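The following blocks contain the structures, represented as structure tokens.
Presented sequentially are two complexes of subunit A, the first with subunit B as partner and the second with subunit C.
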Partner chain A sequence: MVTVKIDGKEVQVAPNTLILDAAKEAGVTIPTLCHDSRLNPFGACRVCLVEQVNNPKLQAACTTPVTDKMEIITRSEKLSRVRKTAIELLLINHPLDCPVCDKGGECTLQDLTYEVGVTKVRFDAKPNDTPVDHTNPFIERDIDRCVLCGRCVRICDEVVNIQAISFLNRGTDTIIGTSFEQPWNCEYCGQCISVCPVGSLNNRIYLFKNRPWNLERVKSVCGLCSCGCTVDIDYEGNEVFRMKESPAEGINHGYMCAKGRFGFEFINSIKRQSEAVVKAGGESKKVSFNEAVEVAVEKLRKVKDTAGADAIAVVVSPRLTNEEAFLAGKLAKDVLGTSNLFSTESEEVYPEATLEEVENSDCVTVLNIDVTESNPILGLAVRHAARMGSAPLAVFYPGYTALKRVAKKFVTGNPDEVRASMESYAAAVAGASNEYSEWAAKLTKAERPVVVFDPYNKADVKIAQDIKKACAKVKVVPAKSKNNSVGIVDMGFGAKCATEFAKGLESGKFKAVVVLGENLSARSVWTKSASKAAGLELLLVTDPFMSETAAMSNVYIPVATFAEKSGSFTNLEGRVQSIEKAVDKGVNTDACVVSAIAKGLGAQLPADANAVRGMIEKEVPLYSGINWDGGVVSYPYVFAGEVAATDGKAKGKGRFFLYPASLRLHSGSFTRWSPDLAKVYGEPMLEIGVEDAKELGIKSKDRVKVKGEGFEGEFLVEIEKKVSKGCIALPEDFVATAGIFCNGKSLRADIVK
Partner chain B sequence: MKNVFETIFFTEILQGLGITLSHMFKKPVTYRYPFEATPIQDRFRGIQYIKTHADGRTKCVGCYLCQKVCPSECIHIETDCGPNGERLIRKYELDLSRCIYCGYCEEVCPVDAIHMGWEWNTVASDRSGYVINMKTLSMNYKDNLEGNWKNKHLKKKLVEGVQQ
Partner chain C sequence: MATEVKETESAGKEIDFTACDEICEKYKDWKGATIPVLQQVQDAYGYLFSEIVERIADNLNMSAHQIYGVITFYAQFYTQPRGKYIIRVCRGTACHVQGSGRISEIVNEEFGIRNGETSADLKFTLEEVSCIGACGMAPVIMINNKTYGNLKPEDARKIFREYAQLQG
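On to the complex of A and B.
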């Protein structure tokens, strides 16, 4: 510990603390422009200069570490002058754009100019006037407003590790841009927007729509994937204007991905339904919420009386809150008396490692999952470990992913080869001597090893379990996909196998099915039997949109999205986090639907999240005494039991290996209703390697037919140099592709032109 | 004594009558509204107008400052991104029935777009016309510029004030 005196206040800080942080400790704020505590010190703007007693040279507080007995002065006449000059120099080329600049009202440069009291620039103002760049679908780049703080460049390099943008040219000609002014080769994560202190990089989804002072804000959790990012939802009236990072809170350090940052517009979509629909005798009629519930209740009663409670099934989607899923379970078990609770999730695997543990791991292995696409924030944690902590990273995947840049070892090949490699790797961890022994040794020698895998792929789960068995200190991360994939299992929707539901539909066992938020047609386990659901006595579907399943239903009730309700989600770490209601779109929540049905059947279930939480704490042992905003559930086990060995070999015949791949900004279920994401990827794209495409004579954006055993489909082609030779890939969760991957995760197929 | 004299001869009443009588021959100081309009001073704050560029585009850039500063919250603006990435004003509404003619909006406008005009007559038999939009506000500019006053007493010299 060293002692420093800042503005007369003495504080004890660790050696090598930056003056800026020591000042914070002392309760003194030093103005900054280019500093970001998540990034390495840079020192570009000189706004944070401070005086050190007995040192004639001014020090940059954001780059200078403290020394013992240091005395710092942060406010003085000299410093005011220097800071003012620093700002004035920035303003020489800065256009007077505030009235039209999207940053106006929350701009650091505006604030600083005001703070230091610049009213006139003493120098000859030469405002830049370069055309604004709109080549990125999500980011507006106006280089005239740039203050060259380098935060965007640094975050894209240090955190995202894409290095899409950089400083170009030298001296006064320096600008921020892509190398050789090429189109952005970018992940569209928007991290650069979030750190830009001025209006140089702007969110095009929010662009010019409103002003920050008009917006109200709630802290909530993003409902688009299982990472569980803490976000701020900015809204005015009943419209959501943006979803914004909230750097001070949450497990995501203020990082977000394209889905969260740019995909939220589906909440405001005009395609959303506002009225319930009841179909009878081939005719559909718009009815009120109460009428729809009445019809559903009547039918449920009838089915229960005639065919018994076992003919009723309840299916929930992982989009529901814990509270809603719990209520749905109560409705099924206590009110309807059925044990047919289904979801796509299962309780075979529970979360283990937290994101923080991944970040601080000293050896990371990623098994057969494109984690930066499927779980972007988990991807950032893996990158952090591999880059900042220099943990050796081994990735197994049938094609290069964004992790290629940081991976020390990247094993590709066709899916069968990758599987074989993973098996030998697991064997090597268990002690066998083979080509992976050296890598296995890194894992077994590490203190905090982490293995990330895809819990939906049985063969991968087996390998992860083998590794865990051989090396007990390994912490695994099952990269679940949806925002509450973990929570609905905890609420009782993971006990039964999803295939059982498909069988029940096929055999006609189920007469009444209540589907809360799920789209059966887009899930590969159910897509084949989904059509059977159309003929049921009752198919009640709740969904914010008229999904394929909703269109088949005979009772449809529109419901709220995550921005319109309160409750909690459990993320992929098993962390329970509260969501907050921001807007009201005039539709009911799933909780209201369940509670109304229960009421119709003569039972009382509360719809209010707080009341339900009390019930959960009593009835779900895992959640007794849980902290609803940030508590981690302690699970009894990671793997439920010995995972059966499956034949992971690609099924069928054909020239190509077909595997489910990168989700391409969205998984196709919820986010496909987002007009902005759809602009970039509106439909599933077939990815093919450069060589294969050349051999077949296919060009990008061609439409080709994919044919395999038992499936066929036509897709747009995207030529990707990352894809290995002899492989093709399709995203999984679109309706058009669910019918393909219901045959297996790894297939063989042919391309017919 | 004097008092008695005044009481007997009603001198004060006669004085009063004299003043009244003298006014019969003077010009009146009141205006017979609505047959006659009142004169307007240069710094009068009347119904707003929004300046346009020479090609007819509005000068307003939709910065929301007037909406923010307006104490009676009578300005409503909606903006969006135009097809070429420009700032687009979807809606600009000003509710004259709420406006207190304080002139803050004029004061705050960073691009010299909104101004207080000299026209003040909002009288109508129903309220529908009280909410005016960008089109009306731009028309008002033209009227102020060309001196198409409803109020006949507004003089041409005010037009100069508009032009500067």
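On to the complex of A and C.
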């Protein structure tokens, strides 16, 4: 430890601590502009200059490490002058268009100008007048406002590892831009927007919609994937205006993805339903919430009396909160007396490693999943380990993913080849000598190895289990898909196999089905049987939108999204986090629906999240005494038992291997109602490699027919450099493609022009 | 000096990436190899155009944008085709007072190019440089590696015309 004196206050800090951090320790704030504690020190703006006693040269606090007995002065006449000049110089070219700048009110440059007291511009240089760049669908780039702090370039490089933008030219001509002034194309994660201290990079979804001082804010958890990112929901009245990072907070460290940052628009969608619908005798009627519940209750009672409780099934979506799923379970088991609880999730695999453990791992293997798209923040953790911690990263995937840039080994090929490689790799971890022995040794020798895999692909689960068995210190990350995929299983919706529900529908066993938030038609496991649900005595569907399944229902009740309710989600680490209600769209929550139905059936179930939590703590052993704000559930096991060996080989015949594509901004459920995401990726697109496309003579945006055993469909073509030869890929979770992947995760197909 | 200049913006024309790939292969796992790779690829292809930069990026597992940042930082890299003959007109103080501005004008009169531009037939490129270090011969120009000093405007024109007569 070294002792330093900052503005007369003595503090002890570790050697090599930056002056800035030592000052923080001493309770002294030094103004900064280009600094971000999550990034490497840079020292571009000179705003944080401080005086060191007995040193005539001013030091940049954000890049200079302390030495023993160092004495620092952060406020002085001289420093005020220097800082003021630094800001004045930045303002020469910076247009003073604050009244119409989206950043106004939360702009670091504005705040600093105010703080140092620049009231006049002494220089007569004209501000530049470069056209604003709108080539990126989500990010507006106004190069004139840029102060070249480099935070965007650095975060895109150091954290995201995409390097979609760079410093171009030199000296006074330096700008932030793209190679050969190409359109700005990237993952659209918007990390650059989150760090821009001025209005140079703006969120186009929020642009000119509101001013920050009008907005109210709640801290909540993103409801769009299983990472469980802490986010701020900014709203005015009952409209959500933006979802943004909660700086440096949460397991996501203030990082977000395109889905989280730009995909919230569905909450405000005018396509959302506000009235319940009851169908009788072929006629739809808009009814009140109470009337709809009454009809549902009556039908449930009738089915229970005539066909027995076993003819009733309850299906929940992994988007519900823990509290709602728990209530749904109570309704099914205690009130209706049925054990038919279904969801797409299963309790075969439980979470193990935390995101922090992934970040700090010293050897990461990613099995057959594109985590950068499916779980972007987990993807960032993997990149962090590989880039910052220089953990050797091995990736197995049919095509190249964004991890290519940081992976030490990337195994591609057609899905069968990749599967064979993964099997060899698992065998090598278990001791076999083959071409992967060297890589397996890296894993077995590592102290904190991590394996990420797709828990929805049985063949992959088997491989992950084999690796875990051979090397017990490996921690696995089952990359679950939805915000509460883990939680609903904990609440009892993972015990029964999802296929059992499909069978029950087919056989006519179920007469009344309650579907809370799920869209049966878009889930590959149910899509084929979904139409059978249309003729049931009761098909009660709750959904914020009139989904395909909701359209088939005879009782439909519109419900709230995650921004309109309180409760909790359990993320892919098994971490329980609370969500806060931000807005009210005048619809009920799923909890209210369940509670009202229970009441109609003569039982009492509370709808209030806090009351339900009390019940959960008592009745769900895993959650007894859990901290609802970030507590991690300790699961009894990782893999439920020996996973049966499955034939992972591609099924069917055809020239091409067809596999589920990485998500590409969103799946086809909620976020398809977000117009700006849908503009970029609206319908499922067929990805094909450059060579194959050339051979077949097809171009981007062509429509081609894909045909395989038991399926056929027409899709827009997208030519992708990363797709391997002989392979094509389609996203899985769209209604149009769910019917394809119900045949298997790896298929053969032909393209018919 | 680069002699072979490849067509690029001509859409549809196949670019032969062999030389580029070979150079990249040599430096594949080196750290800090970007600049030597760029130098050698530029030598082989004349200048660095977008397709070749993409190719280098793919080969070196880097981002093209980052590489472009390097290219635009250094004066030694070119993103536009360059002429067979590079005319460097010294615009340093000594040459300036000796009227080197007029020599640049003559280049423009003869070939229609200004500073940094290349003639349409890819024969001449004009580069105004700060100082060649031969102030005693002011005004001075260089054409590729040959130096011409104490120039009168009409001498310079004569020299340019001689080069223009040369084959290829």
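In the analysis below, the second predicted complex is superposed on the first by the 751 of 753 C-alpha atoms of A that agree within 3 Å, B and C clash if a C-alpha of one lies under 4 Å from a C-alpha of the other, contacts with A are read in each partner's own complex, and residues count from 1 in each chain.
Throughout what follows, a residue touches a chain if its C-beta (ideal position, glycine included) is under 8 Å from a C-beta of that chain, and two chains touch if they have at least 3 such contacts.
None of these values were measured; they are calculated from a predicted model.
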Touching partner for A:Glu140 - first (subunit B), second (subunit C), both, neither: first
Touched partner set for A:Lys209, first subunit B, second subunit C, both or neither: first
Partner chain in contact with A:Pro99 - subunit B first, subunit C second, else both or neither: first
Touching partner for A:Leu168 - first (subunit B), second (subunit C), both, neither: second
Which superposed partner A:Ile73 touches (first subunit B, second subunit C, both, neither): neither
Touched partner set for A:Val132, first subunit B, second subunit C, both or neither: first
Subunit A positions touched by subunit B in one structure and by subunit C in the second: none
Residues of subunit A touching subunit C in the complex: 157, 162-170, 177-180, 182, 404-405
Touch list for subunit A against partner subunit B, complex: 98-100, 104, 132, 134, 140, 204, 207-211, 213-214
Touch list for subunit B against partner subunit A, complex: 61-65, 67-68, 79-81, 85, 87-88, 110-111
Residues on subunit C engaged by subunit A in the complex (per definition of touch): 50, 53-54, 61-69, 72-73, 79
